[in-house]
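Each in structure tokens, the structures are laid out below.
One chain, chain A, appears in both complexes that follow, with chain B as partner in the first and chain C in the second.
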Partner chain A sequence: MTDMSNQSAASRDSASWFLASARDRLAGLLDPGSFVEFLPPSERVRSPHLALFDLPAAFDDGMVVGRGRLDGQGVLAAAQEGQFMGGTFAEVSGAKLIGLLRAARDNPDLPRTVLLLLDSGGVRLQEANAGELAVAEVMRAIIEARSAGVAVIALVGGRAGAFGGAGLTAATCSRIVISEQGRLGVTGPEVIETNQGVEEFDSQDKALVWGVTGGRTRRLIGGSDAYALDTMAGFREAAVSLLGNPSPFDLRTLQAEQDRLAARQQRLGACDSPAALWATLGVPDPGAARDMDDEAFAALAATVKGTDHDAR
Partner chain B sequence: MVTITLRYTTRGPASGHAPSAIVGVVASGNLEVLLERALPDTVCAVEIATPVRGYDEVWQAVVADFVERTSPGGLHISINDGGARPDTVALRLMQGIRMMEAGR
Partner chain C sequence: MTLDEILASLLPAGHDVLVRPDRLILGTGRRRDGGAVHVIGIADGEPLGTAGVLPLAERVLRVIAAGDGAPILVMVDTRGQRMARRDEMLGLNEYLAHLAKCLLLASRHGHRTIGLNYGKAAAGAFLATALATDVLVALPGAEPAVMDLPSMARVTKLPEDRLRALSRTTPVFAPGLASMTEVGAVAEIWDPQRPLDAQFEATLANVPDQDVRDALGAERGGRRLALDVARRVAAQATGRLHAAAS
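Right after this comes the complex of A and B.
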């Protein structure tokens, strides 16, 4: 029996984050059995708009929110289901996330850490206005929560990446965890190609897409604070490493962030390819670094200057 | 959207003590199944919401087979379908029963 439960714990730890559902990620990330969901599926808090388009709704609207423990510490957590409508921001899913963040802001008795398991291409087109408003309100709620001393940590490694509203949301967080499979940006590759042409950005060129938006480049340019292996244990370890006292969200932090971004623009602005970017950062052999395994890359990233900073 | 409501009398109650469980995701070729222990011991009700029209008989066959195999008495089962194939539906229903037994 003990063997069996050890075995199932081991297989849960090594399960892919990229392939998992939002609920599986929460179960794999948080301490076993600790997650308590707010507005669970049985409450049937669904999108009122999708039926109009003859589309099926989900009982949680693709957003799972609640509280649990990570490494023994209390946390609030929200997970987007990337497979449902692309994990998009919408009226109900947005309201659930905003409610969680505002609760953290207003109640010092609640955990002082919010984990955002982002997996979204942005706003749900069928309820676009409500979705855009939700993104704006989520960003405001994150800033207000951070001002109240709450650490908001984004975890990016799902199939939909974090684009559009999810990319903006990540940019407002205290800290960002990303895996090789994770992608982070504002305008998604397909959208750039549609608007600017295939010469500008070929969204079918996976090496280019990941080279620009993917986890390894984001980690190297300081766009994320921790690099996770694509497993439950990998994300847990990375998230735990970021727990603790968040840097205060004040004018100094914002100025440091502005300086960091200005310096990055100056240093990397002329690079015309991911390889040039990596070479400028001091990666000796960008081709080899792209193909090396995760442990070796994590060690390499630790040696690159500028990946770690107190800004954001 | 099509809504199909099916109701069965079962041999006995579903085993386990979990009050509810959810499996699957509403995605293309997939479905979510919400199981709730909310009915008398020998009644099982299944509500299906699907955008795919004309498959009522297939749903009836798959669900009847599931009820015959597992005797899910007391369960109110709600399905949001994303166009799943019958074998996927059967798999999710069985997963749901296992989760209700596990008491998670």
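Right after this comes the complex of A and C.
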């Protein structure tokens, strides 16, 4: 390898996941040159509904699906483009993901891992019914694929986060990777503020927003299974660490999840702020933990009880 | 129809289904043939939060563990997920997905799952309950929606009048039972003038063994592309596999 290509590999590895596009993330995550896209933009499959709202369509509808290799192993992958219509689930974008998951479910010769690079505010309101239903179909297809032995791994660290249907989709997967910048939830802070008032949730209070929905809180309560640095190399390393041996989708797993979520409700349900929640979890100095660097935080998270489980 | 009227018509042979103070519906009823039907749900438009999910999911898991194979009826009148800082901090997405996963596991264990939307149904709470069943039916007057038109007008920055006019030409975004039926989310609308138990039995006799909602949407014209796009992706995924193998 020449110095030049060494340099470009290094800069690729250190590029921010948060700021990258869906295609850049796939290129940075997967082995170089390995990604092959299904229904690529050249086939011009786009939303027929956006024109009704005088909105431009995209030739991938904000969803890129295909196959490639991760650390030498074959994987299927889907990536949402958070900068197109907020990465939303809609008729076409949803159907592309559903087709990929059903292919994995039905074909044991296809890779047994699906990587889901989520970056989405949820359902696209201009196609609200089709989008909501697409999420329901995605969730069912994930469960059917998992039942067939496929590991479905969600990666959350984009600018749109994973909210609404995307938040439920993430929690339907076998495993979840998140970065500090990743936000994962159902109702976004702005919508809670609009509906319930600023006393309930001040969406301008960025520290509160990150504390409630952000990657560090998710990792500490066991809401994600791995914590990634906000780089291509960071997400690659975390995803590789979760390859292989997915927990089976069965009664034992869901009973364990029931116990896990009931214990969380009981232990943390009275916490009124992220700092109180972190303190209850045994984080000695929540303020310092919020500000420490990623390596120190990952080491701290490893000492908190309940972060590691296979009940999902 | 009130919930009591629905239950009386649906389970005339008897039931112990109750609405708890937290508006969760839990109980068991008798079918015509004497077999059991397990009932869970949420009433009076109550939003579904982390605390509400746990008893419902626990009941579904107990039913699966008991292994009687009896159907599960999920009755839904909820205006959506609970919108609260505390629920979000606890990871509401995991709780809602957990309930959906329990229902999907029940299907895989041979329990036919029927969703019945008899009031409101919206957003994340809809996904966690009625949309995670094998078949979703509704009663006239049900109001399934992702978001109401005034809120949608605010978010999309389009005048409400314009949205109302558009909603007459496409079912793809407009709230309501007719739209949700056309896109394939609601399989059928029961007739409240006829006994519900017979309609329930007919629905149970025709539970599909796979997700047919995109096919329904294509057939009804409310979602013309979804099925075809999913098939094309699957064909390319497997086609390239065969090409690579040869």
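We adopt the following convention: the second predicted complex is superposed on the first by the 311 of 312 C-alpha atoms of A that agree within 3 Å, B and C clash if a C-alpha of one lies under 4 Å from a C-alpha of the other, contacts with A are read in each partner's own complex, and residues count from 1 in each chain.
Everything that follows uses one rule, which is that contacts are C-beta pairs under 8 Å (C-beta built on N, C-alpha and C of every residue); 3 or more make two chains touch, one makes a residue touch a chain.
Quick caveat: nothing in here was measured; it's all calculated off a predicted structure.
Peer 1: Look at A:21 in the shared chain and tell me whether it touches chain B only, chain C only, both, or neither; answer first, second, both or neither.
Peer 2: After superposition on chain A, A:21 lies in contact with chain B alone.
Peer 1: Let me test your reading of the model: by the given contact rule, A:262 touches which partner, first (chain B), second (chain C), both or neither?
Peer 2: Second partner only, chain C.
Peer 1: Which partner chains sit in contact with A:51 here, chain B, chain C, both or neither? Use first/second/both/neither.
Peer 2: The first partner, chain B, only.
Peer 1: In the superposed arrangement, does A:59 touch chain B (first), chain C (second), both or neither?
Peer 2: first
Peer 1: Touching A:81 in the superposition: chain B (first), chain C (second), both, neither?
Peer 2: Only chain B; A:81 stays clear of chain C.
Peer 1: By the touch definition at the top of the document, which applies to A:41: first (chain B), second (chain C), both, or neither?
Peer 2: Only chain B is touched by A:41; chain C is not.
Peer 1: Looking only at chain A, is it chain B or chain C that touches more of its residues?
Peer 2: Looking at chain A, the partner in contact with more of its residues is C.
Peer 1: So which positions on chain A get touched by both chain B and chain C?
Peer 2: Chain A residues touching both partners: none found.
Peer 1: Within the complex, which stretch of chain A touches chain C?
Peer 2: 36, 38-39, 45, 48-49, 52-53, 65, 67, 76, 91-92, 94-96, 98-100, 102-104, 106-107, 109-110, 123, 125-137, 139-141, 143, 147, 162, 164-165, 167-172, 184-187, 191-192, 195-196, 200-201, 208, 211-213, 217-218, 221, 223, 249-251, 254-255, 257-258, 261-262, 264-265, 268-269, 271-272, 274, 277
Peer 1: Chain A touches which residues of chain C in the complex?
Peer 2: Those residues of chain C that touch chain A are 50-51, 53-54, 57-58, 61, 64-65, 81, 83-98, 100-102, 104-105, 108-109, 123-124, 126-128, 131-132, 145-147, 152, 155-156, 158, 166, 169-175, 179-180, 183-185, 211, 213-214, 217, 222-234, 236-238, 240-241, 245.
Peer 1: With touch defined as at the start, can you tell me which chain A residues reach chain B in the complex?
Peer 2: 21, 23, 40-42, 51, 54-60, 62, 81, 83-85
Peer 1: Which chain B residues qualify as touching chain A in the complex?
Peer 2: The touching residues are 1, 20, 22, 25-27, 30, 32, 34, 36, 49-51, 78, 80-82.
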